[in-house]
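Both of the next two complexes hold chain A, though its partner changes from chain B to chain C.
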Partner chain A sequence: MGLGRFLARRIATFIPTIIGVIFLTYLIAYAIPANPVRAWVGGEKMVDPKLIERIRHEYKFDAPWYEQFTFLFTQLISGQLRDPVRGKLVIVSLGERFPITVELALFGMMFLLIISIPLGIAAALKKDTPIDFAVRFLALFGSSMPSFVLYYLLILAFFTVLGITYLAGIPEPSRPCRLFVSNLPNVVPVVGYLGSYIGKIPMFGAMMCGEWSVVHETFKRMWLPGLALGLLSGGFVARILRNSLLDALGSEYVLFARARGLSKFRVWKHALKNAMIPVVTVLGLQFGGFLAGAIIAETVFGIPGMGRYVYDAISRLNFPAIIGGTFLFAIVYVTVNLIVDILYAVIDPRVRY
Partner chain B sequence: MAEVIYRGFCIIIDTIAKLMDKIRPGWSDRNSSRISEWKLMAYAYSRSAIGIVGGVLVSIFVIIGIIGPYIAFERYNEFPASVNPDLYFLRPCIPPWCDPWSENLPLLGTDNWGRDILSLVLHGARISLVISLIVVALGVPLGIILGLLAGYFGGAVDEVMMRITDVFIAFPALILAIAFATVLPSRFREVLYTNVFTREFFLSLFALSKEEIPQLASLLAVIFALVLVWWPGYARIIRGSVLSVKEQAFVEAARSLGLSTWRVLFRHILPNVLSPVIVMVTFDLGTATLLAAALSFLGIGPQDPVPELGFLVSKGREYFPDKWWIVMFPGIALFIIALGWNLLGDSLRDVLDPKTRRSLEFKVKGKKQRKFKSVKRK
Partner chain C sequence: MSKKYLELEPEKILSVKDLEVKFYTYAGVVHAVSGVSFDVYENEVVALVGETGCGKTVTTRAITRLIYPPGHIARGQAIFRRRNGTVIDLLSISEKELRDIRGNEIAYIFQDPTSALNPLFTAGEHIVETIVAHSSTNRKLARNEAIRLLKQVLIPHPSLRVKTYPHELSGGMRQRVVIATAIANKPRLLIADEPTTNLDVTVQAQILDLLSELKKQYSMSIILITHNLGIVAEIADRVYVMYAGKIVESANVFELFEKPMHPYTRGLLHALPDPVRRIEKLEYIPGTVPSLINPPPGCRFHPRCKFAKRVCREEPPMVEVEPGHYVACWLYAKR
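Let's look at the complex of A and B:
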């Protein structure tokens, strides 16, 4: 199957998935709760019946199911779902917070790479030595440790005892800088749009204006959450790199390269290139996982991102916000997976399914 | 040590063989190769250190899960601080600073209501055990059956089922579980208030008292949400292996003998796709425990005073980091539980994989000429 057909098929399955996601969201919002409106306005407490009537009408609870579904569908697609607690559109609040979550995930990714790539290579080079054993232990540790407990341990060590980080707020670029970034599309035609989107992530925005103190502050604030995310999955990724590197080193082309008398370094370069293919996929999936797992990290580290928004919505039983957040999480996750799949097909010509 | 464990397993296997012989005479003769394979597995397991550590941790956890609520010094719903005004100013405390004259010294400290953390953790182990067991016992068979059907029948059935699976996989597991677990309790509460038998059954399963019916509904919601999150992974894996197994000759033979579809599916295909599932289940028992704890940490599961381990951690947040023990001890308990399952799964992967097992057999046979057959032929 050619790359074009693969892409066409992969994107064709993307659309029914999105419709299915919306249907599942509909079930969660309308069909499953015993008395949705009561739940929406705050559980079992006494509420003015008039208010309940109004909400019933506004969110189409008195309509048949297909009308409810189309209502939710159009609201989610056009981003008109309104958060009754804040009175803002859910999409607006999520849009403000999404860049911060991306920033957190990027920091997690950075630490994941720092931890896993050298460890994986070292473990493959020195098979069955203490380094290999340590990598195995780290993988086991990461999959057994409840994430929130690890976060508290790190806070205890680095914030309480050593005091080399802080845990409040997110450093943001100054107001003129933010205006400059949002004005970019008017200055530069095409690249500007991209730039303004990337610039919404606080650190990159600050970089664009050259506010290096903000970048420095961001590093000081975000390195601990990033390290926590990286520690949790670092061992796992290192294990995968180790195994695929050992596979590659045992293959025939490496033997052939050795027989041709290539230097050790050149042989390694060949093997590493091929061994990285499965690792790239795993790293992509991990990035999606970081975005989704951010809900716990953001709660513990006090980062005002998308996960924190959903967490607040849960504690206030703010259903439209929960539904909007769930939907956006799913869209982001599906899109990341789609990109990973396409990347995988592009970098490895052997994979076309 | 390893030899003792191996002997123990051999005795168990021989007993099973003898029992089967009594039920169906000649069973052990017909299955002698299977018995020797089991013994080889027992041998491989007894020689893996991580497997033994994992097995010990898991057995301790299971035993505590069963008897924990009864050996706990205090019930979870007794609040010493509200009864004894002297304690009020000491809560939360840890031994050197706790009331040194109290009858039962709280070894791991107390929480904000003066409850003994050790007792809470003992009870929490039961809750975690029940949650993980139910989630796996419901989610895995569901996934296996759907995967079998999709893989075996193919065509439209396959396409529809895989699209549904895609939708469930499209959500990050934690987020989907959160969404379900927030909306489900109201339904479960209705059921629990009307259905006496269900209520009593689950209350005794979690060792909770009658006042906790709303919390029980949230617990059931967490379980149900996790089941809904759990099945798609298994459906996908089973479907994949069924696709390759169903083309093999023995399936063709079974079909040409005129066996019914169900018999072919469950007697001939299922046993051949099951071995990766056993390993996955072991890992997932740990993962389910952690995910359930994460949900209650976020405040979706049971609320006060139910001592779910994740919820205990989230309550300790207010007092962290000065009163670190409220967060740390339940957290360490969770870590040990998950570590036990993961270690066990890690060694089972080697033990159940015929390739590594064979290599071990050759290694052993070269050295000692050990015989794995000990059931005598009549």
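Let's look at the complex of A and C:
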């Protein structure tokens, strides 16, 4: 099969994409007319000019822009880029926070699926009925409502008034749980690494340790942000499913399936399998968006993930952290895209690698 | 439960009576099929002939109620003798019983094999699921049967082809897969809707040969929809000519080509080039097919007919001009 070559080709195109993203981010950050080093050392109070000079030199602010960019980039790639505000390596901070973002994205995805798939099917079956109009409204609502307004309204309803959720902290298992994955032989290092990384996602770690109360707590904590993310894009995905399902149900192959006396279930299988092709694409992109773009949700709901990290970095002009975060976002996005493309080929035999 | 007692002459397999199908569109109600009646005898090939849009396809799809909104079967009967000898009206039985008949006792071949086959399912899967839906065989046996069927419809390397997807096959091969799917359960009635229209001329002949061969082997009856009178002459036993949602003439194939009665049938036959005679200009029927939203009153052909009289604005009766030769035209009917 051409899968190996396809992967190699795609991964080769990743490299210029990611370098390009980092370069653009750097340019934007560089263009800001402010003295970031001042911000890093704590604003006006600490004005030891020698210290500022030292940091300027360390991060090559006294060198031309290309040298500065090369410095930031090589440091980032080698994992040596240090966050000047926290004094930690950027890669370490990202490694700690990314699992929490993944957890949020998974909850968002769960609600997105729960909302969009049944609604999309219902809207297609009951075309031009109140259900269909409701889905249309939800799609319009989701794409035009400012996300933070919705988030605060949900907090007002479920936290302030009803009091059925809480918003502080992330439930973590009591000990690091990478039990059965850490025993995996290191034959395929990537798989072994991914396996142990899954254990870092708090909820999965808790599952591996069997700490079910933590899992329960996680659900109690994360359902509201997950619902918020799902609500925003659920209507949109439902509309896409509705339209592609209507196309499929009106097609000749579905009529031919009926003409062959197939059961209702089989006829639906024929229609749904075709209708899912565009939906898989959109769902994949949404998942990538949740992983990379939950900055507002994490800030509003107080979730210490990637988005919060980048938000804090931006508000403090923390260049190294911004570039590190962008780097990770870019990798996540291209990877999710790659997975979507592979899934696409799995569903549709007409797609060639 | 008092079921109406249904009768069907022993030599007939299907009798459609007074079928009426309407489509409710934004522009108005389309009277696609208006009072069509026809019979299909055991072991015969019946051709349904007419221009595009005259209701041939809708008529045959209505037989097993494959009409979905905005379409609606307004009236009629389709009396069918099942394999077990019971006589039923396909238009009034339950959806479940109907599903039992579709693809099993009455099978369809659609016009365009490219859109009839699901692009995400293999050729074999289409056949296997059709077999499994109507019998208690397991999928493995059904798969062997699928390979046998593919071989029977003359697909080379059937055990390899069973795994291929429709897009990997040529048009002719796809139509063979559709035919294999249709005959998978040895149907008593095969409805072939323009099975060769989308194929190359050379492939057309092969497909027609295959159909005649299969008909002999399975002793099926076939309803063949076509606008190609050459195909009709080649394989049909009896012909129904349709115009604008109504049947205007029916006869056995020799009679019809020999002595066409209805002005529309004559027009159709005259519009056919004769390879023996050299002609300056091909004849044609003036005018176009009428809108079926507001069809002309009475005989629907009268606005284009050179023999039209005042009486043609009334519905012409179907009269038997010779044994087995029926025409709905005021030229042959007494007032």
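The rule we apply is simple: the second predicted complex is superposed on the first by the 287 of 353 C-alpha atoms of A that agree within 3 Å, B and C clash if a C-alpha of one lies under 4 Å from a C-alpha of the other, contacts with A are read in each partner's own complex, and residues count from 1 in each chain.
The rule is short, and it goes like this: a contact is a pair of C-beta atoms (placed from the backbone, for glycine too) under 8 Å apart; a residue touches a chain by one contact, two chains touch by 3 or more.
Not measured: the values here are computed from a predicted model.
Novice: If chain A is used to align the two complexes, do chain B and chain C fit next to each other or clash?
Specialist: fit
Novice: By residue count, which of the two partners contacts chain A more extensively, chain B or chain C?
Specialist: B
Novice: Between chain B and chain C, whom does A:147 touch in the aligned arrangement: first, second, both, or neither?
Specialist: first
Novice: Mind working out whether A:210 is in touch with chain B, chain C, both or neither, as first, second, both or neither?
Specialist: So A:210 meets neither chain B nor chain C here.
Novice: Classify the contacts of A:118 with the two partner chains as first (chain B alone), second (chain C alone), both, or neither.
Specialist: neither
Novice: Mind working out whether A:322 is in touch with chain B, chain C, both or neither, as first, second, both or neither?
Specialist: Only chain B; A:322 stays clear of chain C.
Novice: Does chain B (first) or chain C (second) touch A:160, or do both, or does neither?
Specialist: In the superposition, A:160 contacts chain B only.
Novice: May I ask you to decide whether A:262 touches chain B, chain C, both, or neither, giving the answer as first, second, both or neither?
Specialist: In the superposed model, A:262 contacts chain C only, not chain B.
Novice: Could you look at A:299 and tell me whether it touches chain B, chain C, both or neither (first, second, both, neither)?
Specialist: Once the two structures are laid over each other on A, A:299 reaches chain B alone.
Novice: Between chain B (first) and chain C (second), which does A:169 come into contact with in this model arrangement: first, second, both, or neither?
Specialist: neither
Novice: To the nearest 10 degrees, what angle do the lines from the C-alpha centre of chain A to those of chain B and chain C enclose?
Specialist: 80
Novice: Across all Cα pairs of chain B and chain C, what is the smallest distance in the superposition, given in whole Å?
Specialist: Nearest C-alpha atoms of the two chains are 5 Å apart.
Novice: Okay, in this complex, where on chain A does chain B touch?
Specialist: 13, 16-18, 20-21, 23-25, 28-29, 32-35, 38-39, 140, 143-149, 152-153, 155-156, 159-160, 288-289, 291-293, 295-296, 299-300, 310-311, 314-315, 317, 319, 322-323, 325-326, 329-330, 333-334, 337
Novice: Mind listing the chain C positions that touch chain A in their complex?
Specialist: The contact residues of chain C facing chain A are 61, 64, 66, 68, 99-104, 107-108, 110, 112, 115-121, 129-130, 133-134, 165, 167, 178, 181.
Novice: Taking the complex as given, what residues does chain B use to touch chain A?
Specialist: 163-164, 166-168, 170-176, 178-180, 182-184, 186-187, 189-190, 283, 286-287, 290, 293-294, 297-300, 310, 313-314, 317, 320-321, 324, 327-328, 331-332, 334-335, 338-339, 341-343, 346
Novice: So in the complex, the part of chain A that touches chain C is made up of which residues?
Specialist: Residues 251-253, 255-263, 266, 270, 273-274, 347-350.
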